[in-house]
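Common to both upcoming complexes is chain A, partnered first by chain B, then by chain C.
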Partner chain A sequence: MSIFEYNGSALVAMVGKNCFAIASDRRLGVNLQTVATDFQRIFKIHDKLYIGLSGLATDAQTMYQRLVFRHKLYQLREERDMKPQTFASLVSALLYEKRFGPYFCQPVIAGLGDDDVPFICTMDCLGAKELAKDFVVSGTASESLYGACESMYKPNMESEELFETISQALLSSVDRDCLSGWGGHVLLVTPTEVQERTLKGRMD
Partner chain B sequence: AQGFTLPFEAAFSFPQTDCSPFASLAVSPLQPAIGTPEMGDSQYSFSLTTFSPTGKLVQIEHALTAVGSGQTSLGIKAANGVVIATEKKLPSILVDETSVQKIQLMTTNIGVVYSGMGPDSRVLVRKSRKQAQQYFRLYKEPIPVTQLVRETAAVMQEFTQSGGVRPFGVSLLVAGYDDNGPQLYQVDPSGSYFSWKASAMGKNVSNAKTFLEKRYTDDMELDDAVHTAILTLKEGFQGQISGKNIEIGIVGADRKFRYYIEAIAYGLWLN
Partner chain C sequence: MECVFGLVGDGFALVAADTSAVHSILVHKSNEDKVMILDSHKLLGASGEAGDRVQFTEYIQKNVHLYEFRNGIPLTTAATANFTRGELALALRKNPYSVNILLAGYDKNIGPSLYYIDYIATLHKVDKGAFGYGSYFSLSMMDRHYKSGMSLEEAIDLVDKCIIEIRSRLVVAPPNFVIKIVDKDGAREYAWRESIKDAGVSAA
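So, the complex of A and B:
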């Protein structure tokens, strides 16, 4: 088993109409043994910027701590929040710094930029950015997620429909992956509010 | 020439600073009046990193003197842009004036002019350009003017607290246009920086500032500001001002800093 499959993870982010949704599974495993069923993979950077980190859980947590550190200093110096595109460039730079001994995590970044235009992107563990207009996926269930999102996604969905779509895509994909699952965690972000919901799926 | 009538008068030739009641008026921080605490400051002027008893770092005062004897430069922030300008008095008519450039770019939307020692300003511009590019490499976003000024000032401050170095003998006027609109900052050899609506540095600074105070209005347009800048330079200019012996730098809402080595190129004419 590869190092990326040690803990198991599933992450997906989707763009809707003036909103975005980011969702993850909740399982934390050690190889095939499940160790936690409430593991947090999606973290808030600021009110309109979230990052999900899949892959090795320890690297995900450390990466998150480093990013929060950098963002807090940025907020103090520049007296403003980071734009999602700027944050993505920062994550990419930090990952590439460890080019020959990388963090084994793949981030999914989702935020509302200037004028509340949704922005999503993902990158590999070395910082190669992949910008997308519709959805991005990451984790051990990524292949199933690609298929599910491709068939279920429609552009310009309103927030309720977006929530339904991303939830169905996540749950059906993790059901096909033994290393991820145990429910889901969905965050729906609009310019005015953030809705956080927990999904109950097949608890295995 | 003093003539001495009696031999012993020559032995008692009094020093420059006389002891009349008017001597208590100090001419400058470096020529303190007798009897004041600042009198002993000169004993501490050898070392940059030693405070004098009056709490000053005398080397920095000297650096400011170097700035104060440099060629006049000034900047004006308009509602829709910033203009900076400087005299360009060349030591001889044999100098190739097209090769001399005092106003320089730090980034495509931020420019800088200096008063004081030219070579010191070149070092600072070089470091600032590198910092601006490092910022861009990390964030893929052009550096905000305040951040670049802060980092340049930090470099200048480093040179006031390190061993074996001297402070920079320049004050910089940084002009830029970014998401926060037009901005004008002055950075001093000590590392302190100030945001100005209009400012001048170098020789003739007090006259220039008085002139600017009278002429500045908050809703000035960029063209008015350029005109005012040239008039302000003309006020203190020794000799005949012309398009060839001043330099102008302008940045407007298009965020492209342009500099004019010969002001004639801008289409201005001067009496």
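So, the complex of A and C:
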């Protein structure tokens, strides 16, 4: 099994009408053994910017700590929050710094930019950015997620419908992947509020 | 075949570990204490390569004491867990420690807590955790019988069930175990479960 499949993960982010949703599974495993069913993979950078980190859990935790550090420094110097595009470039730079000994994680970044225009992107473990207008996926269930999102996604969905779509896409994809699952965690972010919900799926 | 497992009960946390020191086919001793008392209200159960285990846990213990000497107040369990994870993560890409850790502690305003820290520095707060081949048996027993807020009697009963399971089902099962608990009155040894006593050294 590859190092990216050691802990198991599934992440997806989708764009809606003036909102975005980011969702992850909740399993933490060690190869085929499940260690915890409440593991958090999506982290808040600021009110309108979230990053999900799939792949090796230890590197995801280290990356998160480094990114929070860099963002706090940025906030002190610039006296404002980072834009999602800027943050994505920061993540990309941090990952490429370790080009010949990389962090084994694949981030999914989702945020509301200027004028609350939703922004999502993903990158590989070396920092190659992949911008998308509709959805991005990452993790051991990524292939299933691509299929599910491609068939279920519609542009300009309102927040309730977006929540339904992303939840169904996540749950149906992780059900086909033994390394991810044990429920889901969905964050729906609009310009005025953030809704955080836990999904109950097949607990296996 | 080292087994370490732990759980959180009502106002206490406990860690149990096997007590064999093994090299290849030889059992050096059967009363090796692998659950270190970090400070008045913290326990560190460790499993892994013998040298790394002792060196790393003593390093953590001394640093925890140093913090208390310097600052006059002890570290919280969460802070200790994050410090331990940080040290493992720093060493991971230079000179990794092969030590798996279960850190149990009691904080006055928070209560008992248990942290699972992998050898590759994956950190997660859990209610029950286990490492080693014994984890296949102890995690399953705990999944079946554990409920949150167990009394000490119920928890020790569950630990004994796990030990019986390990002894009967693991091919090279360790014969002896030590159980340590931590609660508001501090960290202390609770009991040994011995099926083989070390023969004393006879006088020359």
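Methods note: the second predicted complex is superposed on the first by the 204 of 204 C-alpha atoms of A that agree within 3 Å, B and C clash if a C-alpha of one lies under 4 Å from a C-alpha of the other, contacts with A are read in each partner's own complex, and residues count from 1 in each chain.
Please note the rule applied: a contact is a pair of C-beta atoms (placed from the backbone, for glycine too) under 8 Å apart; a residue touches a chain by one contact, two chains touch by 3 or more.
Bear in mind the structure is a predicted one, so any value in this text is a computation, not a measurement.
Student: Is A:93 in contact with chain B, with chain C, with both, or with neither (first, second, both, neither)?
Tutor: Touch partner of A:93: chain B, not chain C.
Student: Tell me which partner A:1 touches in the superposition: chain B (first), chain C (second), both or neither.
Tutor: neither
Student: Would you sort A:28 into first (chain B), second (chain C), both or neither based on which partner it touches?
Tutor: Only chain C; A:28 stays clear of chain B.
Student: I'd like to know which partner A:85 touches here: chain B for first, chain C for second, both or neither.
Tutor: Only chain B; A:85 stays clear of chain C.
Student: Between chain B and chain C, which one contacts more residues of chain A in the superposed model?
Tutor: Between chain B and chain C, the winner on chain A residue contacts is C.
Student: Touch check for A:203: first (chain B), second (chain C), both, or neither?
Tutor: neither
Student: Counting only touches as set out at the top, which of chain B and chain C does A:194 meet: first, second, both, neither?
Tutor: Neither partner.
Student: Let me test your reading of the model: by the given contact rule, A:128 touches which partner, first (chain B), second (chain C), both or neither?
Tutor: Neither partner.
Student: Quick check on the output: what are the common chain A residues between the chain B footprint and the chain C footprint?
Tutor: Comparing the two interfaces on chain A, one with chain B and one with chain C, no residues are shared.
Student: Touching residues of chain A toward chain B in the complex: what are they?
Tutor: Chain A reaches chain B through residues 77-78, 83, 85-86, 89-90, 93.
Student: Considering the complex alone, what residue numbers of chain A touch chain C?
Tutor: Against chain C, the touching part of chain A is residues 7, 28, 30, 33, 35-36, 39, 56-58, 61-62, 101.
Student: What residues on chain B touch chain A, complex-wise?
Tutor: Where chain B meets chain A, its residues are 137-141, 144, 146-147, 150.
Student: Considering the complex alone, what residue numbers of chain C touch chain A?
Tutor: Those in contact with chain A are residues 85, 89, 92-93, 116, 118, 120-124, 126, 129, 135-136, 139.
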